[in-house]
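Below, subunit A partners subunit B and then partners subunit C, in two separate complexes.
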Partner chain A sequence: MKKSLIAMGLVVSMMLPSVMSAQKVVCKIKGSDTCLPLSQKFAEVYGNKNAGSGISVVGGGSGVGLAALLSGTTDIAQSSRKMKIDEKLKIQETGKAVKEVVIAYDALSVIVNPSNPINKLTREQLEGIFTGKFSNWKQVGGQDLKIIVYSRETSSGTYEFFKENVLKKKNFATNALLMPATGAIVQSVSQTKGAIGYVGLAYVEKDVKALQVSFDGGKNFITPNVENAMSRKYPITRPLFYYFLTSKEAAFKPLINFILSSEGQKIVLAEGYVPLS
Partner chain B sequence: MKTKKSTLFTAALLALSLATPALAQENVGTVNYSDVEQLQSDNILAKKLKISGYIQTQFQKADTAGIASFAGGNFDPGIDNRIAVRRGRIKFLYDNENAQAVMQFDITENGLFIKDAYLTVLEPWLNTISLTGGVFDRPFGYEISYSSSARETPERSRIFQTLFPKERDLGGRLTLQAPKTSSWNFLRLDLGLIDGNGTTVETDKYKDFVGHLSATKSSADEKFKWGLGASIYKGGFAYTTANLYTMKKSGAEKGFVLETVKKGDQSLRQYLGLDAQLSYDWALGITQFRGEYLMGTQPGTSSSSSSLIAANVGSVSTASPAGAVTTSNVGKDVYSRPFAGYYAYLIQNILQTPLQAVVKYDVYDPNTMISGNEIGSAVTTGVNTGAADVKYSTLGVGLNYRWSSNVKFMAYYDFVRNETTTNIADAGVGTSTLKNLTKDRKDNVFTFRVQYKF
Partner chain C sequence: MKVRKIVEKFTEGLLFTSSTVTTIAVLFIVYFLFKSGVGLFSESPVEQGYTLAVNATNPVGALNAKQIKAIFNGDITNWKEVGGKDGEIQLFTLDELSSAYTEEQLGANFEHIPACVNDYVSKNVNVFAFFDSKQFPANFHGRKIKVPKIGVWDFLTGREWYPTSVPVSRFGVLPLILGTLLVTFIAILFALPIGLITAIYMAEIASDRMRKMMKPVIELLAGIPSVVYGFFGLVVLVPAIQKVFNLPVGETALAGSIILAIMALPTIITISEDSIRSAPVALKEASLALGASHWQSLRLVVIPYAKSGILAAFILGIGRAIGETMAVLMVTGNAAVIPHSILEPVRTIPATIAAELGEAPFGGTHFKALFALGIILFIITFIFNSLVELIKSKNSK
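And then the complex of A and B:
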């Protein structure tokens, strides 16, 4: 009996590592700067829980991540915009297919320097500011101060989303300063009195001030926060995506299951993003 | 003894484990940062030069030996099947921010040919205007500039092969397209001034104008994308004889009537085109539709409506009027025809599999003034029409399997139908051994192709 128990114990102890290794995920995640802090946290927590996992995360913008997926230089593309139909066709041209997973939502926030007395703006005022129609804060009820516009680069999914939904496809002002990363926008706005920019909700910190926005002509101004984003009151809410090849779906399934689990979604909330439900 | 061996083994392991960090430390300590900088610098330089290409090897089976064909060229007499390297392309692109240089060659069993040799400069202030010079795709319509490696069918439509043989020409092109940051980026205008002789040297003083205006847009949910374009071509080569035949109707008769022209004057080559593209991403996979319609006036010869270069119709003596640059004087009379034609593709990417089904239908009517038994009927004044005036339609069905990012398999069948006329029972069309146009000729072609792209 004792021998049997010892044998069983040995078998179980031999099986444990293989069970654990089934959860092991080794991959590269690249793309959206908006998703970056969240993916880094997922990688850290998942790596600590699953020995042998190795998840590297880099930013660069949604376009960069999706291009890397097309060229096979990343395993997962993190994106704050949907994959374009041309990008899907290019993937199919290589005989491959992609899987799309919504990992969380984000409330795109318009930020200004904390010293700026402006607390709220309508979509029309935002359009005027970011397209260069308004160049001084006094034109939107603020101080006599020059407006300095900060934007992300064209490879950014946030850039495309903001242009599509806030500027209604109009051009950014020619003097808008295009920044290579979201962190650079936060830093610049925090250090420049007349600055304005837009970032994912998770990037909003005490050094910058997030504005209330109105998409109904000034009747209702909504604060960008998790509650308003979850209730869809906040008008500039968008999904965040992971894209990967369907041929690698099984390999990444443990990580995706973790992200979509209640534990994963708690991380979403803790990091300042909007959970799926 | 065993204990001694174990002790030795353990000591060796310990020595190794101790040595490894030391080695690692030594490696870290000896990183030569100037080498790293050199590598980075080399990498930046290497990224500027891009080399790409593809090879298409195919087997073809024709209904009948020796047919004239637009599925990769005529079959030689007595031959109804063949294996060939249809295209063997290698392209070198040097991209230095606002200036690019491109050279592309085609290497097959037929020899080595230049496909592209051009430079493009983009102005750095608005990033909107670019200038291209050299040998490049004529900016007309959509199918010409759609790469043969990406195309879902083996060949371009009959109308494009006829009007724009080899797709390229020599000249200059001005392109206007706002940068991606602009909401006007969806519009593109290409204006070209070209020799009109294909990739051969210029033989007359005339330049041809070619232009294409296009627009593309996607829906916000990226489920739907559309494109529209309009094209124009206006030019022509120098007459090498004083005889021009144009189509005229006289009573019930329709035929070519002789007009006298001045040698060295410019013939009329004029096209208009409209193109449209749609892509829709839905449950069954991405569906694509592409179509193009062309019409205009084409100068040809009595036996062909294919685009000519001055060298094809002979050339004008230096002693003759303007336009002449060569010394020989072996002219051919020009036959001017009003033409029309179109093509339509329906492409279905099957779910998210590597399979893709395609149906294509194309029509080319080289002479819209006559049809059926009017073709080849005797006329009392002028010259009879002939085999070069017969309309063709081609229905193609195919299946593509994208095996990997490099390899694609294509199986494709062309059902070719010709307009019939009781007046041409023995038409010598090209090298074809099929000369009877009183019925549909047996000239369908099956193609099986393997493509490797890199």
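And then the complex of A and C:
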């Protein structure tokens, strides 16, 4: 009698967690380093709320995440750029379909050394600086000082976005310094007088100065901040994506719903990204 | 008796298997490297799945990657400059398509795009269209542009490294090769004398207590992760170089060389010291007995004896320096330009592979180009090793 009671208790206690967390999600998220801190926070908060969930988050870059999704080694690919045509073609070849969800926005700030008197630039001036047409701050109304361009590596989603959005698909100057991480750009800009670079809004700190930019030929200069990015007034804003196979949509639905809920979007704001609404 | 024989046979078999497996593994990796890298030269530089086209009356039939890049960059704006008739080049991509046609014309599911592309290209004489290959209809009225495949010579002597550029990628590795050689060469210039002097000091001059203290410290240097060296370089060395030489930018070949020299030191010191210490005492005593001073016998007897060991240390030091990725990636600035002095930013081959391989689409042109870079690095190291072997065999005669 006693034994069977214990056995019953054991069975019930084993079942309990699974009953409690009908919402539990077990998955792997991999990809963009820009999305990394955000996904980690989502995983942490969601895991605490829904016992039994196991969400592991790995960086490596948007391309790595999407390649892992193709080869089936990750469940969700986080990406700071839209899927490319050849990646889509490869998915099609395997006969699977992919679902795309925008989870948040990210705004890029153009940063310079705090000792630089320049406070604002137009898109055309930025294009000139980053493509190498302008090589001295004098040419955009600053001091007589050589411009040192810092950029992310060619394969980063941030690089592609900046190139498409600000340089209108023109190529960066060959002498641009390509840094392996956003943190390295902030570090270098803070210690190099003539430096200019671009980083996510969340990375701007007191050692560097974020510039106001104008995309309408100098009529309106917009300060990069969450408010302006949310209202889409700030022009250098990009969506961040989650990609997963449509066949697995049902399994991840609770997590996606959580991210898109007002609670999830609060996390987005708290982490320094731009919420969807 | 029999048992011993079996054990001996077994041991022999074990040794044979382990060395065979090692050799096969190495050969397999080399095979993989070459197989992935050589594939680059049968690839087109145009982004996969895309096609470039012009109006049927346009005499231009083929363009090379450099010309296409210049056109899309806005550096070439007239067909005359690429061998066509006088007329301003009109770029035509998805952006222009959506502004030239209404949504109705394009169709609810964009099913009419091919027809619109066809229409636009046949109506505009100076058009240069860049579209997904599937958007070109079967009865296309324009002419598709031929783009030559990536050539070995172009790859080796090209000066532009734009691996992700659209519509054509540019793989010119000359700046990367020169950057790698420069950084390695300067690093060895620093590391070899310092390493050799330290090794001689530790082997011959230092007291036992001193040596017991120094040796573990130097060996500890080898255990520090390279990213730590890189970060140290970025926050300490880079600003220091910028100040000392009064440069606009501190991320230079020199910073990379110094970090690499520090990283190569433990290898060079440990191996040279061991080989100097392995000189027979009898040789040294004979030299001293003949009246040579300590310094003379060191210079004329011990060091010549240890020469092959020192050479080995040199090779391993170079190996460490030339293949190092992370530390160099963080301090050299990674600008793909041909360096004119050691106070300019450079981009090395290992840093390029490390920075880009993670994001390159698997099996794509960029991916193959990075493996081709790996082949170049392999060949450079191979040449270095063979040279040293050659010198060694000449000396021992």
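Here are a few things to note about the model shown:
Here is the rule we use: the second predicted complex is superposed on the first by the 258 of 277 C-alpha atoms of A that agree within 3 Å, B and C clash if a C-alpha of one lies under 4 Å from a C-alpha of the other, contacts with A are read in each partner's own complex, and residues count from 1 in each chain.
Keep in mind that, in the parts below, a contact is a pair of C-beta atoms (placed from the backbone, for glycine too) under 8 Å apart; a residue touches a chain by one contact, two chains touch by 3 or more.
Because the structure is a prediction, the values reported are computed rather than measured.
Once the complexes are laid over each other on subunit A, subunit B and subunit C cannot both fit and instead clash. Once chain A of one complex is fitted onto chain A of the other, the partner contacts of A:144 are absent, as it touches neither subunit B nor subunit C. Looking at the shared chain after the overlay, A:61 reaches subunit C, while subunit B stays out of its contact range. Subunit A has more of its residues touched by C than by the other of subunit B and subunit C. In the superposition on chain A, A:94 makes contact with subunit B only, while subunit C stays out of contact range.
Contact with subunit C, but none with subunit B, is seen for A:187 once the two complexes are overlaid on the shared chain. When the two complexes are overlaid on their common chain A, residue A:72 makes contact with subunit B while staying clear of subunit C.
In the superposed model, A:171 makes contact with both subunit B and subunit C.
In summary, superposing the two complexes on chain A brings one listed stretch of subunit C into steric overlap with subunit B, and the stretch in question is 26-34; the others among 26-34, 206-214, 260-268 or 314-322 show no clashing C-alpha atoms. On subunit A, the patch touched by subunit B and the patch touched by subunit C overlap at residues 84-86, 89, 154, 169-171, 178. Subunit B contributes residues 150, 179-184, 218, 220-225, 279, 281, 286, 288, 349, 352-354, 356, 401-405, 407-408 to its touches with subunit A in the complex.
On the side of subunit C, the complex with subunit A involves touching residues 47-50, 69, 72-74, 132, 159-166, 175, 234-235, 238-239, 242, 248-251, 329-330, 333-337, 345, 347, 354-356, 358-362, 364, 366.
Within the complex, the subunit A residues that touch subunit B are 72, 82-86, 88-89, 92-98, 154, 163-164, 169-172, 178, 246. Interface of subunit A with subunit C (complex): residues 60-64, 66-67, 70-71, 84-87, 89, 131, 145-146, 148, 153-156, 159-160, 169-171, 174-180, 184, 187-188, 191-195.
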